[in-house]
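Just below sit the structures, each encoded as structure tokens.
There are two complexes below, and they share subunit A, which is joined by subunit B in the first and by subunit C in the second.
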Partner chain A sequence: MYEYFVKRTGQALFTAFVVVTLSFALVRLMPGNPADQLRGQLIRNNPSLSQQEINRRVANYINIDYSAPLHEQYLDYIAGILRGDLGQSISQNASVAEILGQALPWTVFAFSVAILLMFVVGIALGSIMAYWEGSRFDVGTTGIGIVLNSTPNYVTALLFLYVFGFTLGWFPTSGHISSQVVPIVDPLRPVATFQFVADAVYHASLLIAAVVITGFGGVALAMRGNSIQVLGEDYLRVARLRGLSDTRIALRYVARNAILPMYTGLLLAFGAVIGGSAILEQVFTYPGLGYYIVAAVEARDYPLMMGGFVLITLAVVIGAFIADLTYGLVDPRVSTGGDAS
Partner chain B sequence: MSNTSSNLHERQSGSSTFDSQSSDEDIVLECRNLSVAFEMDRGTSRVLHDVDIDIRRGEIIGIVGESGSGKSMFASALLNAVVSPGRTDGQVTYHPRDGEPVDVLGLDKGPLRSLRWEDISMVFQGAMSSFNPTMDFREHFVETLDAHDYDIAAGIERAEELLSDLYLDPQRVLDSYPHELSGGMKQRALIALALVLEPEVLVMDEPTAALDLLMQRSIISLLSELRDKYDLTMVFITHDLPLVTKLADRIGVLYAFEFAEVGDTAEMVRDPKHPYTRALLNATPNLDAPLTEMRPISGAAPDPVDVPTGCPYHNRCPMATAECEDIKPPMDAVSETHEVACHHWPDVDDEIPLSTGVQK
Partner chain C sequence: MRVVWNDARARIGAVLVLGFVVMGVVGPALVAEPRVGQAPLLVGPFQGGIVGGRWYELTSTSLFGVSVPWVALHWPLGTDNVGRGILEQIVHATPRMLTMIASAGLFVTVLGTSIGALAGYSGGRIDQLLSTVIDIVMTLPGLPLLLILVALLEPKNPVVLGVVLSLQGWAGMARAIRSQVLTIRSTSYVEAAQAMGLSTPTIVGKEIVPNIMPFVMINMVNAMRGVIFASVGLYFLGLLPFSEVVNWGVMLQLAYSNGGLLTVDAAHWLLVPMVAIILLSMGLILFAQGMDRVFNPRVRARHAKTTGDSEETESTETPTRAVSMEGNL
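For the complex of A and B:
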């Protein structure tokens, strides 16, 4: 177990290191060197600046001092990231860390709710489908699931936005809270906290619905397949003969063994969906991580863009890392390092 | 000879077997006209056909048959556990040590649930996959005791004793997960789990099939010890005739979904009367030889949808006559403890000499 932990931690750290290095290399290699471009911009806007001042500002923005030798630039860049310094945004007039720090919780909130719902709905449907394998419900849900699962979520998102947002006016079409609501989470003020959370959910509901509708089908189909496999296992037959109650068999035998293989998928889904958050947040004008990344791309705000990329990639790495480490807790077969027989 | 005599026998005994005629015998499971059928597109598949047999209290009976002879169905039918859409007909009567006989096939869900495992227990083929992979062994025992409202503490003590009877370290096994034990250990843990509710009868379907030869032999000897210690009746189902001669008091040979021959082990080994039993024994040059050396019997196993008329063995039998093709041979008594379903059994000694020189 200890060895496993060390190995996985090492792998995660290595991946993170590769990601950060790649992002450095990308900026260095990007056509139309961002530093030159920024320099040009600064000179155009304030022609009176001295060369030194311009260099200082460029270094401040990009977090890379172009006049230093390459390895020094690289080390500075890494050191900056370790300190949480991702540079200064060009378009937003704030530090990159600050912008992303504010945006990230909203993305995590909206997409966590969406992914959890997606898994809950998918797992429930999948088990019912498996129990009624071959029924009209099973066949119908399988068909619907496949169709929805192959629809890109931004298509559903646009449709929802048009129908429920603009035409029917049931849901807000942008933002993450109403302007009059105070963002507060304080157990001493339950009413205000509740108002804030409810308002946040309300604003995120179309986005959540778009993710759930296009995602639950895949989960349901996976759950259905796993459950059917478990239902055919010898140990299930033995459990029935031993006279165990149907509830115990459904939960402790079928559900547990069918959901287990999907656990890793759940954590990886966080990474994947947050990575794909850009389009959805753009559609719903939801100021989260993805929204700022798109904004940064449009404004050629390299520091913000890079910061966003690094953050998202790290999120995926961390998700996979947590999945790896905790899988041993939920599946006894992993903790001893594989199958003995 | 036996046209007249066998017809006579048929008339007088009807569907009851020779065994049940002696009234002083202590029968624990009584099967009459036991049949299992599956409806299929191309017709009804009869995978067990009108089987009559009595299983005596305290004996180990070996049921031998090729794959596809109906032996697994026989095992499941004893517990009324044939998987749907299979249909079980006939009668299985369980005679508890004290109390009224129980009609196993007529039981409702609740009583059936308690009969299984409390009175008649079963060890399946495939012990490797008989345990929930995400649960340790202790929980398997606890949930079984719990489902049958047994006292958990006393039950776990019994489980520990059973496990040590089976030469396992009880604490280690109880705290292990299925993947942490070897195949042989899992097999023995499964036997302990099957006995934890103190059943009277233990039905085992190919319990040693996946094990190596050494492990097979050691489980065989453990089973005899268990039978003596816990007064068990065992039904041991296998395709491995040499193996079962080491263990069983009686042997029944299944061919084409019914019994071809039933008798005491000694008689069955030394002087079997059915041509099929002889073929099985002759296919084993040495009863102590590993099964891998066994030669297959020529001809194909019969199709359950289309069982041959007359004697089901006639198209593989070297002694078959016209009579065999038309008339189904009834069970005929060879001795008090031995019966056979063959028209020409008295001639078998001349026609098919036994090539095994091994005495039991």
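For the complex of A and C:
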């Protein structure tokens, strides 16, 4: 049991270390790397500055001191990230940590609601399909599921934006809250808090809908497959022979065993969708993490770009780590040596 | 091949994929190259109605000196805001897209199968090391890394673009292949084949490849789908360099940035590339599911018993694997 946790923790720490090292390699060693580009930018814009002054400014922006030897640059860079110092943004005129810190909650809010909804809808639909296997409903829904699964979520997003945002005008087309709403979460002022939350949900609703519509088909098909497999198991026949009620069988036997393998899928989906948030947030002009990364790439704002990459990647590593640990708790087989991977 | 044809889904998939390949190979020779100002601006699709409209014209053309009836098309899917035909743009972007998709599929398959098989066969330290690498590559969130790589490398060549965009895709396949190899190596039928003194190539060809193929196909198709989505997305964001319409994503980007969302006049400009993307990725998924039936001996056996039965076959075997749960991208 403990061995499993120790092993997983070690692996997560190692992955985090690899990610940070990779980002350093991207920043400093790739051909046309951001550090050199930034330096070139600074020299071009201020030709009169001395070499030392340029180096000092580069160090200020991306925590890499050109005058130090490479291994020291690397250690400084890691130390900076451990302190939460991701450097200074060029285009936004604020520290990277500050910008991304403000953007992160919005991305997490919108996408966790979306993914939860996606899984709830998908699991409900998938189990109904499994029970009515071969029926017209099952065949029809499978077809729709495949079509929706073949659609990139930004395509649905564009269509929603076009129809519900611009043509019908039912939903806002950009931003995360209305300008007159005060962002406040305070149990002592329930009206203002409710207004704020409702407004935030309203602004995120098209984005959430785009994720759910393109994602639930895959979940439903996976759930359908799992359920059909469980329905054919011997222990289910035994449960029926014992005279257990249908509801009990459906919830405690079928649903439980069919949902279990999808648990890691849920947390991995979280990482994948957050990673893919960039395009969706750009479509809806929703100022979250992905939006700022794209903006940074467009403006060639290297500190913000790399900071966003490190932050998103670490978030996903932590997500996968939590998935691993809690999966051991949910499914006792994993931590007792049934761990084949 | 009859097995594939007997399954409705595989049939649709094969037709779609084949259609796109034909469009990519023959299309550019048949359809005029899109040029600025070759037609009136923002013509709607099927101008004048689907039947009897002005978008087609019955003429005759000479083929080897013989006059044959021919249909001349005039911007059947409409034009964009600088007078380029939409159909023309779609067709002329297809070869590059197919090159990109094919190179991505090849890259992922070669790297994924060889690393997965190596890890599965060798076991021990090598397996541990490779598995750690696979785990790490799978954990990295794809798009942010791609954004940065693309910003730094600015790939223009479709082959390079395909490889860059699928840098992560091999890991999923390697993991699936590794666990398959581990399982198959210890099955009794492989041991029996070895005991019978069959040569290693025969065993690999007859016993191992058929069991691994569904996983290869499905992972390859997923990687291809990922590359389509990522490339279109990146072109749509305007982060990849382009000077002409080289990808359907460029059309989306141009339509979007020229106010395509604000007017009804430009709706077809957005919708046509969207439909093309969806059809291509759907064709790939359905085709992979169909190939699963060809390679999967159990399904094939059942088919042999019920030949001619084109009803929906029981699909508890693997089709769900084809559909990734991880949303899009």
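In the analysis below, the second predicted complex is superposed on the first by the 314 of 341 C-alpha atoms of A that agree within 3 Å, B and C clash if a C-alpha of one lies under 4 Å from a C-alpha of the other, contacts with A are read in each partner's own complex, and residues count from 1 in each chain.
One rule holds for everything that comes next: contacts are C-beta pairs under 8 Å (C-beta built on N, C-alpha and C of every residue); 3 or more make two chains touch, one makes a residue touch a chain.
Keep in mind it's a predicted model, so treat the numbers as computed, not measured.
The superposition on subunit A brings subunit B alongside subunit C with room for both.
Looking at the shared chain after the overlay, A:Leu260 reaches subunit B, while subunit C stays out of its contact range.
When the shared chain is aligned, subunit B comes close enough to touch A:Arg237, but subunit C does not.
Once the two complexes are laid over each other on the shared chain, residue contacts for A:Ala200 go to neither subunit B nor subunit C. Shared-chain residue A:Ser245: touches subunit B; no touch with subunit C. Subunit A is touched at more residues by one of its partners, and among subunit B and subunit C that partner is C. Minimum Cα-Cα distance between subunit B and subunit C in the superposed model: 10 Å. Residue overlap on subunit A between the subunit B contacts of one complex and the subunit C contacts of the other covers 340-341. Within the complex formed with subunit C, the residues of subunit A that make contact are 11, 14-15, 18-19, 26, 30-34, 115, 118, 134, 139, 142, 145-147, 149-155, 158-159, 161-162, 165-167, 211, 214-215, 217-219, 221-222, 224-226, 228-229, 232, 262, 265, 268-269, 271-279, 282, 290, 293-294, 297-298, 300, 305-306, 308-309, 312-313, 316-317, 320, 340-341. The touching residues of subunit A, when paired with subunit B in their complex, are 233-235, 237-239, 241-245, 248, 252-253, 256-257, 260, 331-333, 336, 339-341. Remark: subunit C residues 9, 131-132, 135-136, 139-145, 147-149, 151-153, 175, 179, 225, 228-229, 232-233, 236-239, 252, 256, 261-262, 264, 267, 270, 274, 277-279, 281-282, 285-286, 312, 314-316, 319-321, 323-329 touch subunit A in the complex.
Listing the residues of subunit B that touch subunit A in their complex gives 79, 81, 83, 113-114, 116-117, 122, 124, 126, 128-136, 143-144, 147-148, 177, 179-183, 186, 193.
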